[in-house]
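Some structures to go through are shown next.
The same subunit A turns up in both complexes below, where it pairs with subunit B and then with subunit C.
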Partner chain A sequence: MPKWFMPAAATCGLMFAASPFLIANAPYESTMGLVQKIFYYHMPSAGMFLIAAVVCGVASVRYLFGGDPRQDRLAWAAAELTVLFGALALVTGPLWARKAWGVWWQWDVRLTSSLMGWMVAVAYLLLRRYGGPGSDKLAAGLALFGMANVPFIYISVNYWRTIHPTTTVVPTLPVSMGVPFWFCFAAFLLLFVLLLRLRVRLEEQRARVDALYLSLDQ
Partner chain B sequence: MFARIVWLVLRKDLTVEVRSLEIAYTTVFFAVSCVLVFAFALVREGQAPEDGAAGILWISIAFAGTLALGRAFERERQSETLRALLLAPAPRPAIYVGKLLGILALLVAAEAVLLPLVALLFQEDVFAHPVWLAAVLLTGTVGFAAVGTLFAAMLVRARSRDVLLPVLLYPITVPVIIAGVRATAVLLQPEVEMALVRFWLALLVAFDVVFVTLALWTFEPLMTD
Partner chain C sequence: MDRTIVATMTALLLTGAFVATGSAQQPQQPEQQEQFLPIEELPPQDQLPAAPLLVTAYAFVALALFGYVLSVARRLAVVQRELERLESDVKGSRRT
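Our next item is the complex of A and B:
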């Protein structure tokens, strides 16, 4: 474990412990009231979902054409985090939507494309888990196709009526809401980096054990 | 050279298929059963819901396509003929294009049966704009088959490939299904909005170009052990 890991993990724990107090002290949003506070966890999870997906895609392409196993381990770890943070965003979203829009689900651009991106990440994990030997390359190919797919999904559902707010609301947040939001965002980002590092380390050690087994046989 | 290898692979696949007609018969029959199952699920008091015919048509194509893809590559696996194909001194992209054209021929044959059936069962005037409808069906099928052929080929060596093919294929081909269903639904309406059809057709063509290019580019690294 790198030296920064334990202090960073402690900081992350403290930040998550402190976030409910900050969120509770933030002002109520004028029309939605209390339910709007789910935003402080929903938006950072969605952000981490996107970052994890991009990390997975880039690492997969580099693995497919470079063949560096480190990139493969990074892609796998990132794919698991894509599923984790995607699930958080897809659970907190409908909880909020039920109160704010009156429906659990709306077939709008953001929701549909997030769901499809999440499905590709789940398919990636299924392929790695049940694909048998050689599935690392296949999964990298899937991630590449999944990345290429994003603009098409976006365009194809874009004409459906949308009620999801755009990301432009973030810079317009008043300070009283912006501080807890960016605090939560930083906490989620730290959590993402820690989990990614931990997961990559697990794969590194598995690879090392495999190498030791092989050298023992010879 | 390239075109010749494409033709040889395609001719091989068609010859094998014509001798038994195994995939053609099972795929067409499966597609017809799909239409019936969805008709039973959706039709209320003798009436299909609005745009139901377009949706049922595309679901049947997607399901039957998955079946055909799985079978076509299972056949190559049985006596390791895919390995022989890949060992041949031929450019890999040419092998991919040959296999893709073979799958396309099968799917177009299935559509030729499905379309009149849907027209008959749902009282849809499918032949009002034959050229546009053919263009939508063809570009949609190319997009679906381009991704499907690559995935089916790379899954030949994987475990539990029968389950994994639809699991990987459907999330990736969602835009094709959406665009195909929307364009077909617009074309089946009495007042056709041509601008909308052109938009979906352009999306399908763009999808085809991007995914065929990607497949040609990645077929080589993905099919190397």
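Our next item is the complex of A and C:
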């Protein structure tokens, strides 16, 4: 592993340990009260979900047109993180919505498009796992659709009628809410980078194992 | 482990669809918010119903992240062991 990995992992652990104190000290939101505090982990999870989908898409494009196996490994790792962070966002969101909106789920455009994006990432992993030979190229093509969905997810709340808060919420956060939010966002971003590196390392080791099996066969 | 992940994802998907079907019959919706405004004190009636949801959300995030890190670490350990075994096999085959 690179030299920066362990110090970064320690920093990330400390940030996650400190985040509950910052979140507990943040003020209550005027209409939603206590349950709005889910926001401090929900929104960074959703952000990492979208970033992971973009990383997966870009790496897939580079793999499709360049054929570099390192890009394929990066795409596979990012797809797994898309599923992980997407699941966090799709579970914490309904828990928040149950209190704030009175329902667990709404088939509005933000929630539905997020679910679609998550399902594309799940399909990518299933294809890689059970698709057999050639599934790497097919999955790379699928990842392009996942990436194309990202801007649609982001702007959906501003263009369609939905009860999900708009994208103006984050830029207009008061300092007392903004500090814990950006702190949590930074912690999630660091965690994302660390997990991505760890997951790519796993694929690198698997590639070495495959190469050794080939050398033994020859 | 891969099968466990697939089963978990399928269960989450089915649960979401089931809950969404039930919730579609509730007609009243609050208006869409454009910004969050802080208040000093939380109304007492809001505290109890929200707490279990909040705790569940944070517990789920913590458990999911912890589980994923464990999963990757376990997979890495398995591959590492296999790699070491293969490397010793390759060295052995070169000697003979």
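Methods note: the second predicted complex is superposed on the first by the 201 of 218 C-alpha atoms of A that agree within 3 Å, B and C clash if a C-alpha of one lies under 4 Å from a C-alpha of the other, contacts with A are read in each partner's own complex, and residues count from 1 in each chain.
Following the convention adopted for this analysis, a residue touches a chain if its C-beta (ideal position, glycine included) is under 8 Å from a C-beta of that chain, and two chains touch if they have at least 3 such contacts.
Quick caveat: nothing in here was measured; it's all calculated off a predicted structure.
Visitor: Of subunit B and subunit C, which one touches more residues of subunit A?
Guide: Comparing subunit B with subunit C, the partner touching more subunit A residues is C.
Visitor: Can A:Met119 be said to touch subunit B (first), subunit C (second), both, or neither?
Guide: both
Visitor: Return first, second, both or neither, reflecting whether A:Val83 touches subunit B, subunit C, both chains, or no partner chain.
Guide: Second partner only.
Visitor: Look at A:Trp107 in the shared chain and tell me whether it touches subunit B only, subunit C only, both, or neither; answer first, second, both or neither.
Guide: Second partner only, subunit C.
Visitor: Applying the touch criterion given at the start, work out whether A:Phe145 contacts subunit B, subunit C, both or neither, answering first, second, both or neither.
Guide: first
Visitor: Could you tell me if A:Ala17 is touching subunit B, subunit C, both of them or neither one (first, second, both, neither)?
Guide: A:Ala17 sits against neither subunit B nor subunit C.
Visitor: First (subunit B), second (subunit C), both or neither: which does A:Met6 touch?
Guide: It touches nothing on subunit B or subunit C.
Visitor: Identify the residues of subunit A that lie in both the subunit B contact region and the subunit C contact region.
Guide: Touching subunit B and subunit C on subunit A: residues 119, 126, 157.
Visitor: Quick check on the complex: what are the subunit B residues that touch subunit A?
Guide: Within the complex, subunit B touches subunit A at residues 147, 150-151, 154-155, 157-160, 163-164, 167-168, 170-172, 174-175, 178-179, 182, 203, 206-207, 210-211, 214, 218, 221-222, 224-225.
Visitor: Provide the residue numbers of subunit A that touch subunit B in the complex, in ascending order.
Guide: The touching residues are 64-65, 116, 119-120, 123, 126-127, 130-135, 137-138, 141-142, 144-146, 148-149, 152-153, 155-157.
Visitor: What residues on subunit C touch subunit A, complex-wise?
Guide: 2, 5-6, 9, 12-13, 16, 19-20, 22-24, 26, 28-43, 46-47, 49-51, 53-54, 56-58, 60-61, 64-65, 68-69, 72, 75-76, 79-80, 82-83, 86-87, 89-90, 93
Visitor: How about subunit A: which of its residues touch subunit C in the complex?
Guide: 20, 26-31, 33-39, 41-42, 45, 83-84, 87-88, 90-92, 94-96, 98-107, 115, 119, 122, 125-126, 129, 157, 161-166, 168-169, 172-174, 176-177, 191, 195, 198-199, 201-202, 205-206, 208-209, 212-213, 215-216
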